[in-house]
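Some structures are shown below for you to check.
One chain, chain A, links the two complexes that follow: it is found with chain B in the first and with chain C in the second.
Coming up: the complex of A and B.
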């Protein structure tokens, strides 16, 4: 009888999930699996016929200097983005939570960039970097701004980072705020009574308790950092040359521009997928272990 | 109340679905699906399609419904390729003439040689839409271009003759700078704009001096070392151009050029739209870019971009062919091409082209033009990207040459 009910409950669960599951299978799982198949072919996206080439596409990647350059750039970007975005989001979250007034308004303001598409955000910043900044440099003599913010790879790395943090921080901030609100106030009070200053309270009491939020935020930033596309595409287009090209842009250009090698570019996506999978798995296992240690 | 609201909502949501189903009446209406890549001419082409429908009904008593689709140009090729793969391929579609060989290999082009339209196209234009003597598309947009220049500035600086050699160009640059004009507009944010510098210099050099270079490159025996002389011209442009080039997009460049920020702009006549929008009375001229001191290499680029093709497996192929022929109709075609500001490309076109177009066509008439070099698109892409880096001084001439050689080898290996 009990088993029968269990079976029914499982069936019902499955039925409830079915619409979402169907969409997921058709639009995510099936393309992903067929993508692996295409990565073993030399399809160019146009010809009705193509050949099976085995792992030739994967071998080719070894000598593809542009791909490695974009991978190097992406790694550098991810490292900087994860740290900067999370630190800024946490600072904002703590600052807003410690205020008495205007909390709602400030939350809305900082969350707002997240509500516009990053393509539009990118173009807005494009205007700032190419027009406003030069206006300030020329008319107000703020000469430290007089650099090629989207053209010189040394500076455009920072402009890309600024724009992507601007877009991501609001979202992360909300997660951190939720985490902060989950910290029991009696613990904070107790630490105050024990003579902790604000920083000590934060570091020794609050910080360990918001680790679950940090796990989510780091996971999200890692994941989206590796797939960065829209910000770079609108800001520098990957240029000058391929100096600020991320892996996602490299894949896009391989498929839709130049040689239009769909097979080869899906092979590159597979490699990117494996890298993201590996990195996030390691991150999750480390950070979740820390959570359990508490 | 709630129930009736739910019913209403369901009906509203279902309405667009029913709208998708075919509402053909009687079955004698034939549909013709056309995909084109220039949404900026939507109005003109829609009107022309209506004219075609009327003509078919009047002349041949066929009820035709033309479905004209124009995705934005940056998505166009992706959408087109997806549609060609599937069963809903359009009956007619546009492509760049440089891609004719690729689409022909894939089997998506119809031989139009025996159609009446083929006899009307000018010979030099026809060559650009033909492969092995077969006409495979109807040319729509064609350009004669190389360098745009501001006639008023040239006049003000006392320049009377257009440059025939690179030395002439150097003198012009000096004369312009003496009048404190910036000689060249540099807009390098989009890599296809700096790429145009390679297009015009390589074109002139290869057709005038280093003949057969493209063939050698395609056979895998050539090298960019043979054409390294193009950097004389490119260096001249970069050294005497506007500042902050990497921050300037193609459109912004055209607008700034129209506003008099520089006297010359290596860009095609396709940017004339933006230029005249910015400054309607702009005095625009077109000159051929000199590459060296050999006059024979100073030529104008003649190219066909948008070309109309007929899908060989079209369900209404007869009708599709009729439409293709109607595009070069003796009575109606002229006004269409004039309205879109396209250059005349066939004997059925009798209209006065803009002054700058005629100036460029003078080079063509004197035989001082070359057919736009057809290089693999991975190669042209890379040229533009490397020139951005060359401008930023992160890549040297030597690195440009070795990287381009490798890119070319890779592109032909596919």
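Coming up: the complex of A and C.
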């Protein structure tokens, strides 16, 4: 009887989940699994037939200097992005929350870039970096701006970072503000009475309590940082040459531009997947442990 | 003593104000520059990039509108987003509810299955997905593309719905069952209306995602007739890379629908984003 009821319940469940499961399996799960299989083949996207080549693609990667450069670039970018975006977002969140007036308006404006796609934002900044900046350098003699902000990899790294932060900080700020609003105000007042200054109150009372928000924000920035595509695509296209290619750009170029080595580029994307998985899992376990230790 | 403390605080307060104003200017600078220069002629743009136009012109907007086939691109984007969001809500609300209310091993497995996949980055499935798109003849199909968005979006939405249903007392559904409703009726007439707050969150986060997504349409759509706003803007940039005034107008035109939408619904949007982020 009980088993019969369970069977019926499961059937009902499957019926209700059927549409979601169908699209999910076809468009997410199957590509993920077959991706691993393709990474072991020499599939080139054009030929209908391809051969199983074992781990040859992974071995080839070891000597692919472009791929390694894109990996190094991405790692450097992610490190800088996670720190900069989170610090800026937290400073903005604290500054806005300390205001008596206009908090809503400030939030609205700082969040605005998140509403528009980074493709549009990227092209708007492209105008700043290729036209406005030179105007300022020539007419206002702001010579420190007189660099090739999208052409010279030493500077375009920073342009890419600036635009990414511009596009992400509003979102992180909203999460940090939600965290800050969850801090009971009597705790802050008590610490003030005990003689803490604003900074001490923030560091010893508020900071530990907004750790859950920080966990979410760091997770999100890590995840999106490793997959950075739109901003680089619009600002530098990965160039000059391959100097500012992220892994996602490298995979895209490998698969859809020029040589369509699909098997090889899926192998690369599997590596990216493993890296993201590993890094985010380590981050989550460390930061959640810190939360529990409180 | 008390006065000194007070003065100290207010100096700090003013400094923070100054900081916020500077940050605000920096934040709006690209949008402002794009807007300002979109009304100039190309000649005027290069003589003084920071000044207001002396003879503001709408010509750039007319040119951009035609070149990027704005009307068509906008309609495509609206259609794609609306259908994608509709499918995600329809598929995942009922699944999230059923997963929460069915207490069997299977329901637990299915839920874990969905949650785990949230960690798979898009670039990892991009190429195999392209093969499926070709096999299904989904290339240049907006309806097909919206199904793909459903496939990629349901796991997060199911997770949100599942969490929300937990907070709804089961007695309400039981009462409806006793009154003679079947399970489908219970869901549509009793449960779904109660899910409104989380449905708002799901709609907002997914609409913004699909509307602003670039890479997936870039891979799937190659016929200009099916281009979304972003793809059209991108094409314009490639073809007329020196005609900055019409590019800037195109950027403003593509940003306009979301900005207007945002200014009208900012409270709801920010609330939706926050709850989506905190639960996700």
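Keep this in mind: the second predicted complex is superposed on the first by the 271 of 294 C-alpha atoms of A that agree within 3 Å, B and C clash if a C-alpha of one lies under 4 Å from a C-alpha of the other, contacts with A are read in each partner's own complex, and residues count from 1 in each chain.
Everything below uses one rule, namely that contacts are C-beta pairs under 8 Å (C-beta built on N, C-alpha and C of every residue); 3 or more make two chains touch, one makes a residue touch a chain.
Please read all numbers here as calculations on a predicted model, not as lab measurements.
In the superposed pair of complexes, A:241 makes contact with chain B only, with no contact to chain C. Of the two partner chains placed by the overlay, neither chain B nor chain C lies in contact with A:168.
In the superposed pair of complexes, A:256 makes contact with chain B and with chain C alike. Legend: residue contacts after superposition of the two complexes on their common chain; A:38 is shown touching chain C, with no touch to chain B. The larger set of touched chain A residues comes from C, when the choice is between chain B and chain C.
When the two complexes are overlaid on their common chain A, residue A:180 makes contact with neither chain B nor chain C. Common to the chain B and chain C contact sets on chain A are residues 256.
Across the interface of their complex, chain C is touched by residues 6, 9-10, 12-14, 16-17, 19-21, 23-32, 34-35, 38, 92, 95-96, 98-99, 106-113, 115-121, 123-125, 127-128, 131-132, 135, 166, 171, 174-175, 178, 198, 216, 220, 223, 226-227, 229-230, 233-234, 247-248, 251-252, 255-256, 262, 265-266, 269-270, 272-273, 276-277, 280 of chain A.
Contact residues of chain B toward chain A in the complex are 77-78, 81, 84-85, 102-103, 105-108, 188-191, 244-248, 376-378, 381-382, 385-386, 388-389, 391-392, 394-395, 410-411, 414. Taken together, the chain A residues at the contact with chain B in this complex read 42, 44-48, 129-130, 134, 148-153, 237, 239-243, 253, 256-261. Against chain A, in their complex, chain C makes its touches with residues 9, 12-13, 16-17, 19-20, 23-24, 27-31, 33-34, 37, 45, 48-50, 87, 90-92, 94-95, 97-99, 102, 104, 106-107, 110, 114, 117, 119-132, 147-148, 150-152, 154-155, 158, 183, 187, 208, 211-215, 219, 230, 233-234, 237, 244, 247-248, 251, 254-255, 258-259, 261-263, 266, 269-270, 273-274, 277-278, 280.
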